[in-house]
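Okay, here's the structure, questions in a sec.
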Amino acid sequence: MSSFSHLDQEGRARMVDVSEKAVTRRVARASCRVLLDPSTVERLSEMPKGDAVAVARLAGIQAAKRVDELIPLAHTLNLDHVNVEIEPAEGGVEVRSEVVCTARTGAEIEAMLACSNAALALYDMVKAVEKGAVITDLRLEAKSGGRSGDWQRGVT
Amino acid sequence: MSSFSHLDQEGRARMVDVSEKAVTRRVARASCRVLLDPSTVERLSEMPKGDAVAVARLAGIQAAKRVDELIPLAHTLNLDHVNVEIEPAEGGVEVRSEVVCTARTGAEIEAMLACSNAALALYDMVKAVEKGAVITDLRLEAKSGGRSGDWQRGVT
Amino acid sequence: MSSFSHLDQEGRARMVDVSEKAVTRRVARASCRVLLDPSTVERLSEMPKGDAVAVARLAGIQAAKRVDELIPLAHTLNLDHVNVEIEPAEGGVEVRSEVVCTARTGAEIEAMLACSNAALALYDMVKAVEKGAVITDLRLEAKSGGRSGDWQRGVT
Amino acid sequence: MSSFSHLDQEGRARMVDVSEKAVTRRVARASCRVLLDPSTVERLSEMPKGDAVAVARLAGIQAAKRVDELIPLAHTLNLDHVNVEIEPAEGGVEVRSEVVCTARTGAEIEAMLACSNAALALYDMVKAVEKGAVITDLRLEAKSGGRSGDWQRGVT
Amino acid sequence: MSSFSHLDQEGRARMVDVSEKAVTRRVARASCRVLLDPSTVERLSEMPKGDAVAVARLAGIQAAKRVDELIPLAHTLNLDHVNVEIEPAEGGVEVRSEVVCTARTGAEIEAMLACSNAALALYDMVKAVEKGAVITDLRLEAKSGGRSGDWQRGVT
Amino acid sequence: MSSFSHLDQEGRARMVDVSEKAVTRRVARASCRVLLDPSTVERLSEMPKGDAVAVARLAGIQAAKRVDELIPLAHTLNLDHVNVEIEPAEGGVEVRSEVVCTARTGAEIEAMLACSNAALALYDMVKAVEKGAVITDLRLEAKSGGRSGDWQRGVT
């Protein structure tokens, strides 16, 4: 029977023991969207230097490396690869991340946090123009590697 | 004319100069939802010790204190108060945050990050049970204080 | 002849070279006590939500992951498992930790810091009630793994 | 009636609101001891460069600056002054700290953590020689400033 | 007589007490150069997205916010403004920073670290092409504010 | 054809995928100089406790462990060994570092940052005496291990 991660039988939090799990290559992908007014998206893409998107992408990459400090019970992972892409999409912009590691546990949270932090850094830049912007649909898209095997959104 | 925060005329990123702004009391509130299967919500609330929700709430509070490290161009704020509440809501659970500071700039990002990180910490605990859980509707609810005055979602 | 860790022949600090040591599974356990007035212990255990103890336990787990930042010459370890338990004991409460890693060096300091930080977080919550509370008997209980072999308190 | 810091009426953790408290100069002093074999103390003081004690003192000072990351519900304080002294004492060495800040809340935890982290850094250096060394009597010695006024150990 | 910062009469390190100093607006500017082959500079400026320079500029801004963690005896400052500029110059590129704060102590180290970290981030990107690149002439250009008054390089 | 690290074909920043690279022992050495007035160097070496140099050396060692937080696209490395030496040299003092790791990517940036941060910590201590001190010639001296093989300054 599957159960909550990081909680023991009595519901007490602890960092689960992964020392008996195999070190394997693991990949996780996530995504979210930032809902923005079309005029904000247009202004973002008209910026001559493109720093706004670069800042957000970097914020996502850097956050992925710090999951162990932000998520109390997450294990420390040395990531092999992080990529964050931000592109105009229906209703605003879409943020997509990919994280690869070679470890005893997967990088799902790392991929999720990369997206949410990139989206927040973008919000931080547009908030003077559009304070009400909404970040939505933050979700795991796929993961592979590890004992629980592959998983893909929408595939049962 | 209002414009993007943290970007100069040529679109280059920098931390804006707030040294001429007044130190005032500022409040920001944000919220998001974690969409969960009803059985997951039920299991969460049946946990005898309630640590799952306590962990998520703490993760939100702690993240609010570290905005300056996560959001590249955000100013460092010494927060006076942070609260995070997590409660069952339609479709899963709702996360709400409130942040107070006495500073030259507001705590909107702090309130947003408190919600997103609490939600991610919750996801980290339920992911073995429900990997496809979605975090949604992360948004500022209200802010007060500072030169730009009060703002409330849905109020024009 | 055994000598001080991290100091060279002239007494200068450096991070010792462990690159030739074997990667093995290592376990460390530590403990300490927080001396508290019986009425404080009673009030702690009467708290309806139990968050006080959950906060302290989390503070211990999180600190164990950050030893490399706090102890200047400690190596960075990716921990496989951390557990912290807090229970009423004679004279107050007892804090016990267990840390597991698969690494070139042991997790003794990680186990010690998990206890001291959990105790300090607990003190942070009771200090309005009992400012004079004392943290005592912080010590390694046992360690296993690595070239120097097993060690247990009180066993020669 | 005095009650636990950081817990609301239902026992839920939150960072208490200090925005209405006055900014005043606050001082806190703490101490602890590291029980060591006389031969270890002698070897420490014979080290030609004295780096061992310098490392421990620095570890204490640096930890005081990071209380907000280690103690989940502590406020961020910009410290005006931190000093840590380590001296031979009966049964080993004594660690004493003093912390000064100008803030809405006091630096008691900062002074306590400065001592415990200095002691742990010292333990980290002597552990190859004396794994069973014990850190003990970590306690606040005195605090001044703030609404609750002055407090001194042993003075009722 | 002027003397070393952060060292007491016996040469022991401590964080000096600034609680009696006035809170004033302080500005510091620094610079350094990264010596690069002309072909590397050309390739940098030909990159279509300009992310290389954006990454380096951000690395400088972010490092300025973390001086208290990197420089053991530095005080924590909440910075009002940080800017980093990187431009082609004789022999490679020049990095210039400006930091503003309202505090009891100045931001000289913050301005210096902003430059050195921006330069290192740039080196991190060109190192596959030009491993031998040299960072040079890292220095304070000017500072104003505070009791010691204004200072400018080359002006006696 | 060799190209910039961390930038894709379109010049966008990402953390490169090293998951297919071999885990090998890697060593990097770097150096820099701090130009100081002879009287400042003399005063430094006359300090009775030698803490000034110990602080700078520690600052270098600690910075090497935090490269992943400071250099946005750097991978997290668990270092096996870090040493920093500071000695009087022509025109001031020389800082030399050596870093060893067992990893999929090298520790060149770690060695460079160890030197620059040690130099900045030293500047932080002498700045009251000699504000115009210059840090110069920060450069990689040698690296070994990994697919690109050995490299040594001045050897073609």
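Think of it as A, B, C, D, E and F in the order they're written, each chain with its own count starting at 1.
Just so we're on the same page, a residue touches a chain if its C-beta (ideal position, glycine included) is under 8 Å from a C-beta of that chain, and two chains touch if they have at least 3 such contacts.
Please read all numbers here as calculations on a predicted model, not as lab measurements.
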Suppose you hop from subunit A to any chain it touches, then on again the same way; how many hops at least until you reach subunit D?
2
Counting only C-alpha atoms to place each centre, which chain is farthest from subunit C?
E
So which chain is farthest from subunit F, going by the mean of the CA atoms in each chain?
B
Averaging C-alpha coordinates per chain, one finds the centres of subunit C and subunit E separated by a number of Å equal to 37
In whole angstrom, the CA-centroid distance of subunit A from subunit F equals 31
Mark out which residues of subunit C touch at least two other chains, giving numbers and ranges.
12-13, 49-51, 54-55, 58, 62, 66, 69, 72-73, 78
Pairwise chain contacts under the document criterion
A-B, A-C, A-E, A-F, B-C, B-D, B-E, C-D, C-F, D-E, D-F, E-F
Complex contacts: residues of subunit E adjacent to subunit D
12-19, 68-69, 72-73, 75-78, 103-104
What residues of subunit D sit close enough to touch subunit E in their complex?
25, 54, 57-58, 61-62, 65-66, 78-84, 100-102
Subunit D touches which residues of subunit C in the complex?
2-7, 10-13, 32, 43-44, 47-52, 54-55, 58-59, 62-63, 66, 69-74, 108-109, 112-113, 116-117, 119-121, 123-129, 131-140, 143, 151, 153
Touch list for subunit D against partner subunit F, complex:
49-51, 54-55, 58
